[in-house]
């Protein structure tokens, strides 16, 4: 009998990939996101200048319109900001920071929330009740409020904003994972595994966890869009990242002061990039949910 | 019922205590406000004087007890920068924020309900698809970005809307409001709309989902089969059923709206508590920051409590008990 | 005398992406003043849909695609929606299966009665109240004044169904369509409701279509019976004649599967197999695959043919009196 070793798959991975790729919206979103990923993480290689190396930035070039040329003959395709930084380079570096913050906070929250959710589902009883009470309490507070309070307390910094984003996100994962794990735990193949006297940890890792993955993937994608958006908002308020590590949100904030004078590009261009990232991640999550059809 | 309310109140109190501790200790272990007041020539004696004056020489737990003691008496300390009681400043600025938030709430319902109901009645039409796309975009785009685009479009490019401040206000005796003057409304429109988008998206989703569910129920079929006019069927029989979850969620989210008001107020220079918070953070005006956070948490916890109690009052099945259905 | 309601060759179809599904076909029946017609069939046979086809309340994508619905001899199918609305509740009323679901949970009984009254009549507040009280009194609800103020969940199932009946009869309709109104009730309450509806309709000369899957319920109530199978009427006639000597094998099967009091121990006979889905009906007689008498002659859909006096049957091999299926 091989029941215990064969948890029901939602469909073969290849089959799901094919279904996902059939959807033009999903493919476009994936390509857009991948392009930004490459652009962001390759920023030091492809950016025309290092916008944070003061030696490369000339204050005389400040506030130039897109397409202008610098004194040294370099073209600022997307213009420059108030300090004379090349916007294209600043945006590329900004993408990198936004993505790093979004991914890191998402993964950490995913890991922490999954552990909590699995413990709750596995131990049941008062452990479950206590953990879920905490989750409920956490979820009852609006994310922006919690993040705001935390950052006011903690101050600025990449590590601090990641911490704040993990705090506001982990509860979603914990609740989702617990829900799926409870359902999966009641299934026949888990019963069969128990019958074979497999240890609780092995059942959890080998049987229940893999079946939580599709759901977690969808939640993680959606949460990442939220995290990127929230980070941008907090940075815009001057609460998130330090000025030395400008994410897209901070770039937009810097340009906001120049908006009234018609120098739209400093704010709008990083804003458009932010928009494209958030929408593509959202569409990705949406399509993933359709394809994987998790119990949300 | 009474037991439920008592339990709920105790729970809210516990949350409040935990949150005040978190806020107070958190804020007081970072930074040192002394240096804000000390001039560059200030020597150690001068510094000590300031420290004693601010009560910062006490152990942190005693500071907390003093803080809680004062809090209960409605004293949240003086703002370092303004030199007036922090609570006073908050009450001075709060009406502007509340006006903004309530205007946003009204807009969200006024636009969101009809859109959501329409999308629920014709879920497969292109109109519904358009509405749902709008809802998704309004929900996922950062609020500050929408605000910026509005300013760029309507203030900078078209010059139709003012982008700064509250405009003329009318003194109602106890509070000043903008929405009663034309100039005030003009100023209120963009920030209120920007702030309303997230709620609007939520109202649309809830109204659509509720409508789709309700329209298949027997009681709607029965009302129709009894000849009740369609307008009455939708406007009373269906609407009252979908309003319950919408009111609940909006009540729960109102704290979030106050928090998002920070963003909107910063962008539109709306003179509310949110803008004040950002200014206070910039100069580390701790009493003011703490007072703001305590007030918002207090408001949020109270609101949640109220919504829970109200919910049980709104739904006759819960209010009157014995609802087996 | 023209019958109150006459259906002629009615066809109701659903436009599905996979193609058109005809849920009702060649449906002809009539019911006269004061007459009670039992419409019997398994779930999915189209009996409930017949009710909704009559008052044109089928959920899209379904609609009546052929035939006539004659009310007092006038075809009401071509009427515009506004005219149709005026007939509902006033001329044709409906009662539904589950009294838990028929009344709106968030509206007081008074509101629900008032809305139906005002749907067709202009009445003052006091008139509404008087009519509402009279209606509740008529269906045997004690202390009607108190009941007006309550919400549905505060009433028992039987009381709720009485309220629903009171609402359906508010305008003294010419035709009442009752869709299994006793199925969800306790047996003792079932009897009371049956007697109540029977008395009210007889007293007022209201024509009644009683839809049920339960032959035993219909047997004690109806004057005539129409048996439906897979969207078609397979047998129709006076109730006693059909119960004594069913002509269609399906009717025979239905009767045989009703437990008879005093015949304990004997095996209940069942009809083998199940009703085919409307999406893949056999080309000929839909019952043929389950029928012991089926031959190659059943490969074509039989017509509803006169059978004896005042009876019709849709079968090429009708049963003689007393013959087993």
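First chain written, first letter: the chains are A, B and C, and each begins at residue 1.
As a convention for this text, contacts are C-beta pairs under 8 Å (C-beta built on N, C-alpha and C of every residue); 3 or more make two chains touch, one makes a residue touch a chain.
What you are looking at is a predicted structure, and each value in this text was computed from that prediction instead of being measured.
Asker: Along the graph of touching chains, what's the shortest path length in steps from subunit A to subunit C?
Answerer: Minimum step count, subunit A to subunit C: 2.
Asker: Name the chain with the Cα centroid closest to the overall protein Cα centroid.
Answerer: Answer by centroid distance: B.
Asker: Indicate the whole-number Å distance between the mean C-alpha point of subunit A and the mean C-alpha point of subunit C.
Answerer: That gives a centre separation of 57 Å.
Asker: At what distance in angstrom does the C-alpha mean of subunit C lie from that of subunit B?
Answerer: Centre-to-centre distance between subunit B and subunit C: 53 Å.
Asker: Can you work out the whole-Å distance between the CA centroids of subunit A and subunit B?
Answerer: The mean C-alpha positions of subunit A and subunit B differ by 25 Å.
Asker: Per the contact definition, I'd like the list of subunit B residues that touch subunit C in the complex.
Answerer: 216-230, 232, 236-237, 240-241, 244, 315-317, 320, 322-325
Asker: What residues on subunit B touch subunit A, complex-wise?
Answerer: 15, 22-23, 26-27, 30-31, 136-137, 140-145, 148-149, 151-152, 155-156, 163, 252-253, 255-256, 258-260, 262-263, 266-267, 277-278, 281-282, 289, 293, 296-297, 300, 304
Asker: What residues on subunit C touch subunit B, complex-wise?
Answerer: Interface residues on subunit C, with respect to subunit B: 52, 55, 57, 59, 85-90, 92-94, 96-98, 100-107, 111-112, 115-116, 119-120, 151-154, 164, 167-168, 170-171.
Asker: What residues on subunit A touch subunit B, complex-wise?
Answerer: Per the stated touch rule, the residues are 137, 140-145, 148-150, 152-155, 225-226, 229-230, 232-233, 236-239, 249, 252, 256, 259-260, 262, 264, 267-268, 271, 274-275, 278-279, 282.
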